[in-house]
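Here it is: the structure, laid out below.
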Amino acid sequence: MTEGPKGLARALRMRGGASWLDLVLGAAGLGSLVLLWWVGSRTTTFVPGIGEVFSALPQFLTQEEIWPDVLATVRRVFGALAIAMVAGFLAAYVMHRGGLWGMVVERYVSIMLGIPSTIAALLALFIFKRSEVGVYFVVSIITFPFVALTLLQGLRAADRRLDEMAAAYRLPTMAHARHVAAPHLIPYTFAALRNEYAHAWKVVVLAELFAVNTGMGARFARAFDRFLLVDAMLWLIVFMVILLGTEYLLLLPAERRVLRWRGSGKEAPA
Amino acid sequence: MSAVAEETAGAGYIRVEGLSVSYDGVTPAVTDLDMEVRKGEFVAVLGPSGCGKSTLLHVMSGVMRPQAGRIEIGGHAVGGSAAADSPPIGYVFQDHRLLSWRTVGQNIAIVLQAAGVSAEEINERIDRYLEMLHIDGFRDTWPMRLSGGQRQRVSIARALALQPAVVLMDEPFSTLDEVTARLMRQQLAELWQESGHTIVFVTHSIREALFLADRIYILTKGPARVFDVAEVPIERPRRYEDPKLTELEGEIVDRVLGVWGIGGKP
Amino acid sequence: MALTERLETARVEPASRDRVRRAQAFVVASLIALGIWQLATLISDGWVPSLARIFTAFIEDATTLEVWGQIWITFRRILISFSAATAIGVVLGVAMGLSRRITAFFRPIIVMGLAVPDPVYIIVAILVLGTEESSGLIALVIALVPFVVNIVAGGVRARDEGLDEMSTVYRLGRRRYIIDVVGRQVAPALLAATRTSFAFAWKLIVLVEAMTQPEGIGAQIYYSFRLLRPDHMISLALLFILVLRLVEGLAFAPLERKLLGWMR
């Protein structure tokens, strides 16, 4: 009785007692997208057919030339995100401490929140010409302020009561940092990471579109320019599979394992 | 709608037959429960924490559907397709469930409006019932400014102002401090003596049940069945410290100790 | 001992001290930023336009009527797409927040919608709908809706479910329930969703215009870029950003106060 649908749901790591009906509905949702695609391919001249795209998929994936571009994009995402996380943490720390420098950093973060990514991309392209640095620059600049904001929230929400407890028991600074402050920040770090991971992927495509010749975004744009629409769809599929795959198979389980102590099914604040 | 309310305000009596309810389709909360409440009676439903007594109230109010069995209030089946025509039910929750963005008066008004009561009637009832619950000065106050006890009074006033066939109360005083709770019990008993509503009162406190009720349905630990029905032959007005109550309390404790197990509350 | 001392000094700091600090911070931040920029100009041997050139270009642009015409065109588009996205997103978000079934159906769609890069939406929209103005805007709306939905659905889900029960027991009815019970609880999320939607809309419109139309400020910025006029590229961008942040500040601050007043 509890096997079957419930077992499948557990295998897909769904939380909160997903039922058979939920799975069917989800599949129906996906199905409606596929239907939309099919209708599009029939009624317009440019949208390639579903069969066409998927039959070309195996050959596409085994082509050697696509993987360097995929790796290039992956490298950029992870690299720029790492920079943004570190810089974001430092910025949040300075902002939390307050004072003159806290306010200065606040100004910068606030301004950087308001930069349209296209403008950042064009600026980077202009300054750094066509180079890796430009892409890293754009992705870091765009994602860093969001990380800073989330971590600042975390620092501000620090539980005073735990701090009082630590003071009452005279915990040394290192122990305090390790056992009280850091664990408190972990959910916020994951929240920042989760949100900005997806964000970074989208910005990287934009940056590659404008600024460089390698990477998935560039290949995607080139496919469109040459009207190779099947190729363009294939790049899109590869992109989304990687993005969603890493999110659901890497990030989410890692987050859940680290947040075990909070109780099951609880994730970081959105 | 108010005509129906008037009509059934005196006529409500409750019949529960073979009720079985489960929480999520799997875990049973209530099993094969029978219960009967006469018009104007004050009946307590007594059981240990988590035994499903709240679930019983949920089904009686029509919020939940039972897996088996039926409930009738005033001759109307509860939860049937004619739910809109069935007599209104007043419900007092354990946590007040007031809208914090409406004043006390507005909280009562919104429920009466939904029941189709006319505007003047609403106005009049608000004043009347706030006075009955001794909170008449608080009509324009925000719920968050009130104490726990006062909020529960508003909750009770809201239930009574509906002039319902039946009032269902789910451990309404269990979150209050002892002194306030005692006062509320006293005033509820007095209020009931005057108004004569039919009340089903859920509690886990034997003493409270003995103080307030005519009859007590004692339930088993979950899934709940009726273990026993105790009559409370003590005259009203009752005193909370009455030694007769203590005696009856001892008797009930002896009876249920085995049934409720260590988790049961004496 | 140290704690009480710290408390003492904290209490003594007056508000005016804070304002002075803010002014100081502004000055310092500006000087540093400008300094770095000038340095970049020097290092790049004039490739990065100097502050003086940018300033001149800025004055020129700010006083040219056509520029303001372009800004207006862009602003119009922002309003259209942001309102549409917010409207659709709120309806869908409330529906999803109230019903697990609806959430189950739309969840994969929303998840995938969030994963698609914005340029892709724009390109696909052009392919399917042609090169009119509406294609880009439709792409923008589709890109914005998932964000609004998530925020609103989250707000609806976070409501007090005890009040749901109360509404059922007292037979408040669907309309009253949504407006009086859910609505008030969801107001902060609605406001957040609207702000986010507007913020994303004006950032993304630049991309849309850079990729499609000959009109609009985004297009002008792109042209300045192509024609190697970095001073104008930056000055137009600055002008646009300043105007929009001003609008954001003026429009949303009083709205926030009005809607969330009962909470204070």
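By written order: A, B and C. Residues from 1 in each chain.
Assume contacts are C-beta pairs under 8 Å (C-beta built on N, C-alpha and C of every residue); 3 or more make two chains touch, one makes a residue touch a chain.
All figures in this text were calculated on a predicted structure; none of them were measured in a lab.
Student: Quick one: name the chains whose C-beta contact count is the highest of any pair.
Tutor: Here the largest contact count links A-C.
Student: Which chain has its C-alpha centroid at the greatest distance from the C-alpha centroid of chain C?
Tutor: B
Student: Roughly how many whole angstrom separate the Cα centroids of chain A and chain C?
Tutor: Those two chain centres are 19 Å apart.
Student: Calculate how many whole Å lie between the centre of chain A and the centre of chain B, each centre taken as the average of the chain's C-alpha atoms.
Tutor: The separation of the two C-alpha centroids amounts to 51 Å.
Student: Report, in whole Å, the distance between the mean C-alpha point of chain B and the mean C-alpha point of chain C.
Tutor: About 50 Å separates the centre of chain B from that of chain C.
Student: Quick one: in the complex, what on chain A touches chain C?
Tutor: For chain A paired with chain C, touching residues are 18, 21-23, 25-26, 28-30, 32-33, 40, 44, 46-47, 99-100, 103-104, 106-108, 114-119, 122-123, 125-127, 198, 201-202, 205-206, 209, 217, 220-221, 224, 229, 232, 236, 239-240, 243-244, 270.
Student: Would you mind writing out the residues of chain B in touch with chain C in their complex?
Tutor: Spelled out, the residues of chain B in touch with chain C are 58, 61-63, 84, 88-89, 91, 93, 95, 97, 99, 101-102, 110-111, 113-115, 158, 162.
Student: With touch defined as at the start, can you tell me which chain C residues reach chain B in the complex?
Tutor: 162-163, 165-166, 168-173, 176, 180-181, 184, 262
Student: Within their complex, state which residues of chain C touch chain A.
Tutor: 21-22, 24-26, 28-29, 32-33, 40, 44, 47-48, 100-101, 104-109, 111-112, 114-120, 123-124, 127-128, 150, 154, 202-204, 206-207, 210, 218, 221-222, 225, 230, 233-234, 237, 241, 244-245
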